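Each structure below appears as structure tokens.
Shared between the two complexes below is subunit A, which has subunit B as its partner in the first and subunit C in the second.
Let's turn to the complex of A and B:
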């Protein structure tokens, strides 16, 4: 399915908001979204949630023969897949550019930086080595896939345990999980990618862009660092022109962010280790909270409604009743009234016979009178004003039928007369129902 | 690679260069008569060939045409005999794809694509001998080819690689230095404004040294620019002579 295009007004809105240093979800320029890490029952399986972006990482291992030119080193294999459940635009044939870019970046970040000691994966030099496979699946796309994927990859690698092997002469014994405890991989450091999105030709910069922000960005700069402040990878993409000092500034910000994220990862890993040791429950089923089985949950925003009554009364007390004079209503038959003459119809000869339609041309006046009504504190106080009041069909309202001619009337609009009337009365009803609620509070 | 020191005590590298010295660059423009623009560059032992076709009408899917600018299409390929071991590289290879994307990104930023809406510019780059600095050689060759084709650009795009060994930044890495596994930075620069069209770095480098390496690479790119500028002027002078002005 082709990606739905972003409308111009949404694009402009996002860019304007960014110019005013505002983000749609209320974050600051350098803030990350909430990161949640949960582990599965097997070792080496984890789900990382960066805001709403979800990536599942799974590590597996296998004994294979090594590459010819690297006989004493194990093999690391990374694969990121954009499944169609992440976004409808990720069809199997269509994603090649993005897929290549993400995969190459992950490969360079994790393999070239030598975060895993590949020499320790060697069992018999030249014959048998461990091949470690990291499979990452994007489950939900809400921007910033790279960061989430890199965190998932490194967390899964840290969490993984490979089976223990012993070599006696020519014999290799692979111990099952029950015989000997599995052995963790030896990890030198944890590289984590931090993405910076640039807008308006590099004038504005945001950390951790979400999906909307990614659509309107000019380009992306990804810096992968570890907590020792060593840069593992830098990649600029998207055709932005960077200046040297921008890059240096970004690397400083990245250093701070990586330290925070690494701490979070350590805590999550320790938590899981503790839970497993104590024999508590672990796994995905436990880490998904009960309320959010299949739907995203929005947090309730607390609204203080304690002083609504007083405020409303204040506003009404201070409001001046309108002083415009309106012509007296003319009652044609019980239930049908006309106020004023209305605007001259511009439809020409065709509509001449419909000019006389009562109430149909008085949409404007009717709605005005609705507004006036709600500003009145007491209906009775303004009997002398020529403000005709119009009621909806709601049974909540008191129907006061006043004498025609002298006093303002409260008459019911019959909604059958013409389409325009219906539309206006519907509008009036909706408006009135809203304001009726406020009026109801006042009348008590 | 035990025993191979990339930087000797006197400050000489494996091939006898100093830390900030570039390899010998020789370039030639207009090597193919059929293509709109072509160029050949030799940076030390790295040899790259670039060919440009365009701007021409969109080939293939008309739907991909951009209404306000030209589409730049780049393809990168390495010859099978380019590396030490003969290695057959399939066309849709991930690395080749990535290089193509990076070249496209670099040239979309530099070429004035707004002048040619709904058309396509093709840049094909072939590496004939890879001895380190492949990306840089490709970008330099492609710049010359685009200039040869007469397509307007904001500025020259000059690229160079840089590394970091023993506290010193090395410019223009050769294959031996790249294979040693130290940090490598490749950048493409527009010399007049100093803006980086592309920045790419691999392997671990401490943040404090980043500025030093960036400076070394930028300076090397500016040196490349001086050389390419001379090549272009020479070519234009020869062409003018042939035309009899």
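Let's turn to the complex of A and C:
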């Protein structure tokens, strides 16, 4: 799949933000993203997170015959892989330019700096040596792969234990992990890569660029250094001309950053060692926290019922008196009268709206009562609309239901629910008012 | 006894009882109609489906579900959701799975933010984050004619709508509605910041009366565009404010309501 292109507006925004000394994630110019190191259950397995960039490191070992020209030295092998899991633009099984560049830089950083004592990996000179293989997998790509990969590689190597071997005469014994404690590799120093991104022909400098900053940068300078401030490798890419004091300044920053990161690595290693010794829980399942998606939780909203009665009164007070109230009742037959002309029922569409509402609301009891309410009103409505009001005993009952004394109880539920219900209660009250009037008139 | 309990676990459950619960790909769900009185065997149910005319229980399969005979087959993991059909009660309605993913799959009618990647003849190629770029005709802008071409450059942001989005076919976008009006669509301004969030968060933000959006609107004056493809374009008065808004929106996904309220109150104070 093709890489998502960078839009003009992103590019412009990034460059303007860099000019204002602001970064997308709120970092300062020389800030690193958060580094998190977690170890797997096996020795030599770790995940390093640099912000959202994640690299999995795994070290394995094997007994092989040495190279002819170096009979007493073990073999170190590094391999970084960029899978599609990290970013859809990476193609599997293809050596892209970026991958070749990263692998080469990693080798220079770790092998050529002789940070691992390869002679200690020799078992029998000229016959058997240990081959140490470091596999690095990029799990997620959010820029600055090389720093994350170099940290992951050195952490995995520090964490790794190889099986113990003893040589007695011609006999070589390889001990399983249960028989003898495995031995750690001897590591002289820990080289760590630090990346600097340059913008606007070197005017602006950022440490630890993320993916989008990498896309708009003009040049990149990578310095590999150990905590003794020894530069292990240095590489500038992107065809940018750097001044001498720029490089010097970068190396000073790198020294500080490397010291911080080395301390962090040592702390993480000690922590893991202690947990293993104490028999506590370790491994990725324990150390990597789950991120919970909480944005979709529906909180139960408490309904405020403190001043409902006043509110209801207010609504009644504010409600306009019905305009088309006809004062003269028409007497059709003795005992049957009509007040006004039948108004079209507006309750039909209200019901539909309420159906849709149901999904969003969470309190069942309230909804139930509202439903009953509307049904009630429907019954009342029918009488006003379709049939002329019958002045009989049953009609008197109807009037009693709508007595103001009972009003608040009904409106309380409605006023609470939503605006829509409020409107409906308003309507209801209007109707009730009208009826009251009618009742008065009739009684008069 | 063991065997019985095992088979009972694999028996498809009624969709209505699973609402809001997590479903997994491969799971089969029964519709309430088909799980009626004759729940003994599925063969009987299919017979009934064929012979008895059902009174307008229209079921729509949303994202993450596929029809499989008279059942629903789950194709994504997530929570099962349901919406009653408007007006008529009873069965039917829309069922879908609320899943969490980042990869966008074009859907007809969706409003998305795309990036113009190429101009070729009378078509623009627009990257929308799907498996292939969408095509956008230069005539599909408000007021565009053969003579009067819209001013669109490669790398510009486009807010548009899908008119064609089929499987294995190039999707097609337009920036006008059915009456030829822009209706907010078209080229998005040159300033502002584009960033990506998960599709779930976008749906949440676009839900009517979303609290997050209402709270964010109170912070700073802002312009914001949400694309269903997980892209958000935001612009506030200054770069600092734009950055804050973008970071807050991104962080909202993993915050509880209380945490979010705290952060918003802290931001509005400063």
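Throughout what follows, the second predicted complex is superposed on the first by the 286 of 444 C-alpha atoms of A that agree within 3 Å, B and C clash if a C-alpha of one lies under 4 Å from a C-alpha of the other, contacts with A are read in each partner's own complex, and residues count from 1 in each chain.
Criterion: a residue touches a chain if its C-beta (ideal position, glycine included) is under 8 Å from a C-beta of that chain, and two chains touch if they have at least 3 such contacts.
All values derive from a computational prediction rather than experimental measurement.
In the superposed model, A:1 lies in contact with subunit C only, and not with subunit B. In the superposed model, A:12 lies in contact with subunit C only, and not with subunit B. When the two complexes are overlaid on their common chain A, residue A:104 makes contact with subunit B while staying clear of subunit C.
Once the two complexes are overlaid on the shared chain, A:273 sits clear of subunit B and of subunit C alike. After overlaying the two complexes on the shared chain, residue contacts for A:21 are found with neither subunit B nor subunit C. Put simply, subunit A uses no single residue to touch subunit B in one complex and subunit C in the other. Contact residues on subunit A toward subunit B in their complex (touch as defined above): 96-97, 100-101, 103-104, 108, 112-114, 221, 225-226, 228-244, 247-248, 251-252, 255.
Of all residues in subunit A, only 1-2, 4-13, 16-17, 20, 22, 24-26, 291-297, 299, 352, 355-356, 358-359 touch subunit C in the complex they form.
Residues 94-95, 97-98, 101-102, 105, 108-109, 181, 183, 185, 190, 193-208, 210-211, 214-215, 218 of subunit B are the ones that touch subunit A when the two sit in their complex. Contact residues of subunit C toward subunit A in the complex are 83-84, 86-87, 89, 98, 100, 115, 117, 127, 129, 131, 133, 153, 155-157, 188-194, 200-201, 204, 212, 233, 239-240, 242-243, 246-247, 252-257.
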